[in-house]
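Please read through the structure below; I'll follow up with questions.
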Amino acid sequence: MRKLQFHPCGSFKTSYQQDLNIFSTDFGRLWMGISIVLLFGVVPFISSAYILYVVNNIGIYAIAAVGLNLLIGFTGQISLGHGAFFGVGAYAAAILATKGGFPFFLAVPIAGVVSAAVGMVFGLPSARLKHLYLCIATLAGQFIIEYVLVQWEGLTGGAQGIFVPSATLFGINLGNDRAFFYVIFGCFVLMTWIAVNLIRTRIGRAFIAIRDNDRAAEGMGIPVFPYKLLSFAISSFYAGFAGALFAFYTMSITPEPFNLWLSIQYIAMIIIGGLGSIPGSVFGVIFIVTLNEVLSHATEYLMNVGVSTGVAITIAPLREFVYGLAIVLFIIFEPKGLAEVWRIVRSNFRLWPFSY
Amino acid sequence: MDFFLQLLVNGISLGFLYALSALGFVMIFKSSSVLNFAHGELMAIGAFLFLALSAWADLPIVLAFALTLIGSFTLGFILEKFFLRPLIGEALIQVIMLTLGLALMFRGLLLFIFGGDIHDYPKFLPEALSMQWGAIQIPAVYVAAFIIGILFLILFGLFFKYSSQGIYMRSVADNQPAALSLGVHVRRVFALSWAIAALVCAMSGIVLGIINGINVHELSSIGLKVFPVVILGGLDSIGGAILGGVIIGLLETFTGGYISTSLREIIPYIVLIFILMVKPYGLFGLVEIERV
Amino acid sequence: MQDNIRLLINNISVVYSDVIQVLKGVSLTIREGQVVSLLGSNGAGKSTTLKAISGLLKPENGKVTEGSIEYDGKPVQNSSPEEITRKGIIQVLEGRQEFKYLTVEENLRVGTATRWGKPYQKDLELVYGYFPALLARKKAMAGYCSGGELQMLVIGRALMAHPKLLLLDEPSLGLAPILVKEIFQIIRRINQEQGTTLMVVEQNANMALQIAHYGYVMENGKIVMESGAEDLRENPDVKEFYLGTAASGALKSYKNVKAYKRRKRWL
């Protein structure tokens, strides 16, 4: 058995290999193993139906958020159309499953590929645009996709949407939440693993170089535009993949949820989680989804109180207010996001009681 | 032919409305390079403030108008001081997200207070303002919007060209360290530009409110339409904003009139993408000089 | 008059981003009405010293961590640039930071920012008097002016602020020798006619020492030599390293060895 690794006192890395390692210690590996076992072995059995529903949503959104973080956090290309790419994936999967009769395990990755292709089309402006001009161009993309989803009634069913048959995988019906939980989180672990490894490769380093200074990256011989397109493609693939899972999970889709608001939520997730951090995107998703649920419960509760006491006020809009406030406060007070908080907490634990 | 002319007139008037609402946006961008996603909500705040003062508090129109302008001026000041200033030096996306968060806050607050229904101002514009040429007629509001648009354009042009404060504001946009070294109060310039922008937003919110009725959702979606307008004209040019507004206005009315009403909402964005592909800094934007 | 201390820098150290120490205990004195020149090679910390005085360190994430800067007897270290400029210290930045999209006259008008709302017509005439070239181009966009015009423009712009202490950072950068001469003559005239105290950072030591009353030499974030301008001009070390006039060319190789040792002694 090889020697276990602990945190050394100082930096003793002697090779690039060591610097690139995902886990710097065996403790990290151990904790990761434990959390995966807990996730798959315990969570689906102890949580109520409602909690499981929330957890499943977190899993789906997390896949898309990881994709968006690859684009914004690692390649530095701002996209306001992620929600639309998510929708493209959902619709592609639904259409493949209903009209094409594709099985679940084929429909989902193909939907991802379709979404990636669409993402590349709307990534084309990145050849000449950057910063806020690109941001506006992707905003335009969002609106155009939304329009197509509503107007192309022959294919998308218009505002009525599409009913998706329940998914089956290897003969197992995935109609219930618990079965689908395994599919979602299996995909989640796989996709996150790919993302974490992707940024350690040549491609990932090229992305980071483009983010930090695209002109300099070009001067170093990195073909900037193909890599930007690749980044759009990968990120939309993640979005489309997640969207396809979403379609099969909710079983009926309308163009409604895939609006600008969803794109904004995705950006909020990765900013609150931490730009350029894969675990950060997951934290951000957990935060936003939980906030959403808590707020809707709170408003529901308060509405009921209002009804019973005869004060018929609508406080539903206040939900939006609190939501906005949370984002604003987060950005002002912790602009590096939850990943930074997590890092500080962890190093406090590790270094306790001597904080240096 | 009459239909065509009517569309032309409608498009130009609509374009002036867009241009008017884009002015505030350009203002902020020119001085502090912030992309304000809360633009539509700022317009809505101005419109509702005016509604509350004129219809509910029953103040005389002129007084209500003046109070609205003062109120939004102060609001812009506060916004800059408490929300935007801590973010000076942060990345673009954080600032964008902040303005999105502000937009949510405002929208929530406005919906809470005023609800999602469409409200109307009491009629106060003299009917004599409306014009009639043969079969073409221009309602009074559009004429008013046109006059206000031109007035503001001239006012801003003069302000930026000749007043000292206007020149200081341009100098900050041009070269911030140099402006600092000469003692230009950069923070004051930022605050002032937000305050003026909020004032202009209120103006355009009120005008739009007169035309379409005041509704939070409506106004915030017009706030988003500011983006194609300003990008078309170039983000930092006021004259460009006017022209961009007119182009978008014409595009919308003609698409709505001849092709389909549903395409109308989306056509500005389609054109926007094509223009950006050809001219990445818009039609009149200053080309950014970049050095590694 | 000559003895009034305008600015007293007492043993300051400046740190950028909390980690990079650039100035390591710099002290200098500027008396009223004097022209003081600050010499030194690239990266010696001259510009940083100027920025520490004018408060422009803050936007670059720098800070005066120790020591004090006293202007007319009051401490000004780490004040905001707005406050410092309103006390009459104006810095002319290195490399001609003009406002590209403003006309020449508008550029000059930005100089009135410290006394906003006061009449400025007289000052414009004064500046045009010093720099007639600017008058001819007053409606031109500054971005299209030549290097010489721009240097005049930025000095004139600073004059518009009625500076009591004018800090010039490399006014000769990238200018033709004849223009350099002209600019320095004007700088001397400004000092004599307006009574403005001046601090000039220069690579062109020869020029700077001709108009200066007093000089400092910096190296590696420290002052290594100070003296009257006359003495400094005669000093063999300064002659060799900055003025480029070695005593004799014959014994060059031997001299280089010695020069290396002498140079070492400074660090």
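Letters A, B and C name the chains as they come in the text, with residue numbers starting at 1 for each one.
Quick note on the criterion: contacts are C-beta pairs under 8 Å (C-beta built on N, C-alpha and C of every residue); 3 or more make two chains touch, one makes a residue touch a chain.
These figures come from a predicted structure and were not determined experimentally.
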### Summary
The pair out of B-C and A-B sharing more C-beta contacts is A-B
#### Entry: Central chain (distance from its CA mean to the mean of all protein CA atoms)
B
### Query
With chain centres defined as C-alpha means, what is the inter-centre distance between chain A and chain C in Å?
53
## Note on the structure
The distance between the C-alpha centres of chain B and chain C, rounded to whole Å, is 44
### Query
Counting in whole Å, what is the centre-to-centre distance of chain A and chain B, each centre being its mean C-alpha position?
33
## Note on the structure
Given the complex, residues on chain A that touch chain B span 72, 78, 124-125, 128-129, 131-133, 135-137, 139-141, 143-144, 147, 150-151, 213, 215-216, 219, 260, 264, 267-268, 271, 275, 314-328, 331-332, 335
### Message
List the residues on chain C that touch chain B in their complex, please.
### Response
54, 56, 59, 81-82, 85-86, 90-93, 97-102, 106-107, 109-114, 116-117, 154, 157-158, 161
### Task
Give every residue of chain B touching chain A within the complex, in rising order.
35, 83, 86-87, 90-94, 96-98, 100-112, 115, 224, 227-228, 231, 235, 262-263, 265-266, 269-270, 272-273, 276-277, 280-281, 290, 292
### Query
Once bound in the complex, which stretches of chain B touch chain C?
164-165, 167-168, 170-171, 174-187, 286
